[in-house]
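Structures follow.
In what follows, subunit A forms one complex with subunit B and a second complex with subunit C.
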Partner chain A sequence: MLRKIVSILAGLGLWHFLATVVVNDTTLLVSPIVVVKTAYQMLFVTGELYPHLFASSWIFFYGFALAIVVGVPLGFVMALNAAVRDYVNPWMATLYTTPRIAFAPVLLLWFGIGAGSKVAIVFLGCIFPILINSYYGMRTVDREYVELARSFRLGRWSLFFKILLPASVPFVLAGIRLAIGRGLTGVAIAEWFGATEGLGYLIFFAGQTLNIPTLFVGVAVFAALGIVAFEVVRRVEIYATPWRKTSAGG
Partner chain B sequence: MSRREITRGCISIFVGLVLWEILTRLLLENELLIPPPSSVLRSFWSLLLSGQLKKHFLATLLEFAYGFSTACIIGVLLGYLMGMYKWFDEIMDPWIATLYSIPIITIVPLIIIWFGIGMLSKVIVVFKITAVAIILNTAAGVKALNPVWLELAKSLRLGAWETTYKIRLPGALPFIITGMRLGVGRALLGVVVAELMAANAGLGYLLRDSSETWDSPKLFVTVILLAVIGLVSFNLIKRLERRMAPWRQGAEWSAD
Partner chain C sequence: MEKNQRGGIGMGGPVLELRNLAKEIVRPGTSPFVIFQNINLTVRDGEFVSIVGPSGCGKTTMLRVINGLMPASGGDILIDGKSARQLDHELVMGFVFQGASLLPWRTSLKNVLLGIEGKKEPGKKAEHTARRYLDLVGLSGFENHYPHELSGGMQQRVNLARALAVDPRILLMDEPFAALDAQTRNFMQLELLRIWRETKKTVIFVTHMISEAILLSDRVIVFSHRPGTIRSEFHVPLARPRTMEVKADPRFLELETTIWKQIEEEVNASGGFAKM
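Moving on to the complex of A and B:
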């Protein structure tokens, strides 16, 4: 622990030294002190960060929610029905392995520069980890549980709701957790194309105007959002699956 | 993959393409929104003949190869040291964790400011993405080494060098390859983002160029090409993973 603190302090000191003595050019690098000051200004004095934060959060939320609503059932259907799986699989595998950025211009062409195309980009980023994990969760349900259900003569629906669904919840949640990072990247990509507000816009605008302090603040906020969202889902995971000590899947 | 899966997969793709062609021909007057597959193919052919495709493809490939190979060497080295020495791990950990939690595309503008719009900035982007993934996985692999193997090395009186070469690195290999696999997908995204932002060659540049000139067939050629590159690299590394670590059950797809 002590070593970690020393490492962080030494790194910040080195950064300060590099910025003020070696580089000494505010269009290339600024000291961490300036970054903290700028963050303070943007958060508590001018408050200019909030509209961007708000815009990005909404896009993230819509895309993320849509990905859960579509991804989880689709993953389940693919796991339970071999024909659907075989026909959908080649398209899914192709979409999944394509770098998402490639779709951004196409989606922009279809949905315009409004919220639609941004939500679509976030959706496309989030859906695959959720879909794939839902699929695996449903596929890898312990056979003994299913046999138990059979011996109790459970019908199709009660088998699904009482056995298959609860057994796949940990996997689904792990998928949702993995989707957070991809969703945040999606937000940044989306806001870079034809946006007028949002954290991604803030970062790219700062980059183009060589406003390094704002650029660093934007990056830091992004990282903080990722960590917070990750932690929230981890808490939900612990709460929703109390019988598990650690989360599996992924 | 069973025979049935392959047949159904082929049917699905074929029917999808035919439907796409028919629907775009019947419903859309304008090829701007969705060009039919035949125009995409024609555009692909003309790009191929003019040598443009080769130029941009090679630029991206080279940037990727430089960044990836450097990241493999440095990543394994740093990861190994982190796995071996606790003090080094504690010193590096906060910085690697920070780098890991920042979405790469948010620091691309910064990297372009520092390293220019040429090839170097893209190599750095690929390097950063891949190196972090490999460092974290190598460190985990070295730490998770079965202690029985180390005892075996001791009883065989292997030197420090030989223990590293014959026990520790092969033991961590499956982890290292997993790190590489995670790196490939993300690095591909990173290099295209960087090229899209500021470049004069590469597939990302082609993407930007075609979308800004409203050349939809060309845009689709680039998108499909990127899809193929993604699919091929993903499958190559999956095969490598299976070969290097056959005892590990590989998932058919695995989310990163």
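Moving on to the complex of A and C:
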């Protein structure tokens, strides 16, 4: 913990030094102190940050939740059924390796500039790590556990709920964890295209108008959102897998 | 009821009969890979039978075939005179795996419950049974420990309790102590003798260790090299209950030497140890 604090403080110190001594140009870089002051203003004086924060949070939440609801079952079905696997695999491989930003304009065309297209972009970002991890998690369940189920003559449903599902949980959660970062990137991308609010819009607009303090506040809030989401997943992980020696990332 | 070396305790009729049991793996384009063949074996109620043999002789595979983890290629498995195929849905065997194969997300108690859950017993009764078997293997007080919190020996105790808790007709044990250190292994052998005495189960025990087989068994079956078949069998002429002292008994040492020579011959006949 001490090392973490030292590291953070040293980073902030270096940033402050670079901004005030080396660069010394507020249209390029500002000190973290200025960023904190601006954030304070936007949060507690003008309150102008909240609409952006809520807009982005909701888009993230919807896209992320939708990706879990679709990705986890689809990954499991792929793992258990060869036909489904063969049908889905080529699409998964293609879509996964295509840069999502390429889809943004066409999704805007299809879903309009409202929340629909943005949720779709976030969904596309989140779905693959969740889908792929759920699939591999269930595919790679230790053979010994499956034989154990056979040995005790457990039926198909028992095999799924008592062996395959719990064995896959750590993989699924790792996928969900990966999806957080991709989802937040999706939010930023979505809001750069024809949005009128949201953190991505705020950053984009601030960049256009050389409003460096606001730009950094936007980035910092994004980072904070990521940290909060990570922490939520970590809590879920501890709750869902009390049997693991150390909670990963703890 | 016949008298026998088990201190005069009568044993029942045959529980398990293997008739010409064989297992081969079909390989496209070439001759099948025969793992074992011509296995004829009768195991009586309450008997403790060990199977030893050179590495790769098919003894573990045979245990897995008996347990229904893989199908036989030929021959029959009869349990109490009934075909194992017909009995498949009933839980008639307990299997103790080489690795503890405990589910890491379940506590000891829940791991033992896994097998009973398949029998659809009511929850209270099942839990009572599970606790009783954990107690039998000496793990009272560890009900709520997860596998990673247990030592290797304790994990194998849970494994044994789990197999016993379904009250199987036959207990199949696949080198259950192979991964344990020598000292723990000795203790576990004595524990197994005690548990066997208390539960009166019919046991088929696969091991690499000849002394372990002799110490535990009424009968030791020696497998040939692959394709494995029964080369010979020996009745262990040592009174029960046994302790580690029987290892110094001349009859023990003689039997150990005899079996070792046979295994050595089998290894040499298969092309030598280096080629195994």
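Points to keep in mind about this one:
Methods note: the second predicted complex is superposed on the first by the 220 of 250 C-alpha atoms of A that agree within 3 Å, B and C clash if a C-alpha of one lies under 4 Å from a C-alpha of the other, contacts with A are read in each partner's own complex, and residues count from 1 in each chain.
The criterion applied here is as follows: a contact is a pair of C-beta atoms (placed from the backbone, for glycine too) under 8 Å apart; a residue touches a chain by one contact, two chains touch by 3 or more.
These numbers come from a predicted model, not from an experiment.
Overlaying the two complexes via subunit A leaves subunit B and subunit C side by side, clear of any clash.
Subunit A has more of its residues touched by B than by the other of subunit B and subunit C. In the superposition on chain A, A:8 makes contact with subunit B only, while subunit C stays out of contact range. Judged by the touch definition given at the top, the superposed model places A:241 against subunit C, while subunit B stays out of reach. Of the two partner chains, subunit C is the only one that A:166 touches; subunit B does not reach it. In the superposition on chain A, contact is made by A:148 with subunit C only, not with subunit B. When the two structures are aligned on the shared chain, A:158 is found in touch with subunit C, with no touch to subunit B. Vertex at the C-alpha centre of subunit A, arms toward the centres of subunit B and subunit C: the angle is 90 degrees, rounded to a multiple of 10. With both structures placed on the common chain, the touch criterion links A:223 to subunit B but leaves subunit C unconnected. Put simply, subunit B and subunit C get as close as 16 Å, counting only Cα atoms, in the superposed view. With the contact threshold set out at the top, not one residue of subunit A is in contact with subunit B in one structure and with subunit C in the other.
By the touch criterion stated above, subunit A contacts subunit C in their complex at residues 144-145, 147-148, 150-155, 158, 162-163, 166-167, 169, 241-245. Within the complex formed with subunit B, the residues of subunit A that make contact are 1, 3-4, 6-8, 11, 27-28, 83, 86-91, 93-103, 105-106, 108-110, 128-129, 132-133, 136, 175, 178, 181, 184-185, 188-189, 192, 200, 203-204, 206-208, 210, 212, 215-216, 218-219, 222-223, 226-227, 250.
Note for the complex: subunit C touches subunit A at residues 67-69, 88-91, 93, 95, 97, 99, 101, 103-106, 114-115, 117-118, 146-148, 166. Considering their complex, residues 4-5, 8-9, 11-13, 16, 32-33, 87, 90-95, 98, 101-107, 109-110, 112-114, 185, 188-189, 192-193, 196-197, 204, 207-208, 210-211, 216, 219-220, 222-223, 226-227, 230-231, 233-234, 251, 253-256 of subunit B touch subunit A.
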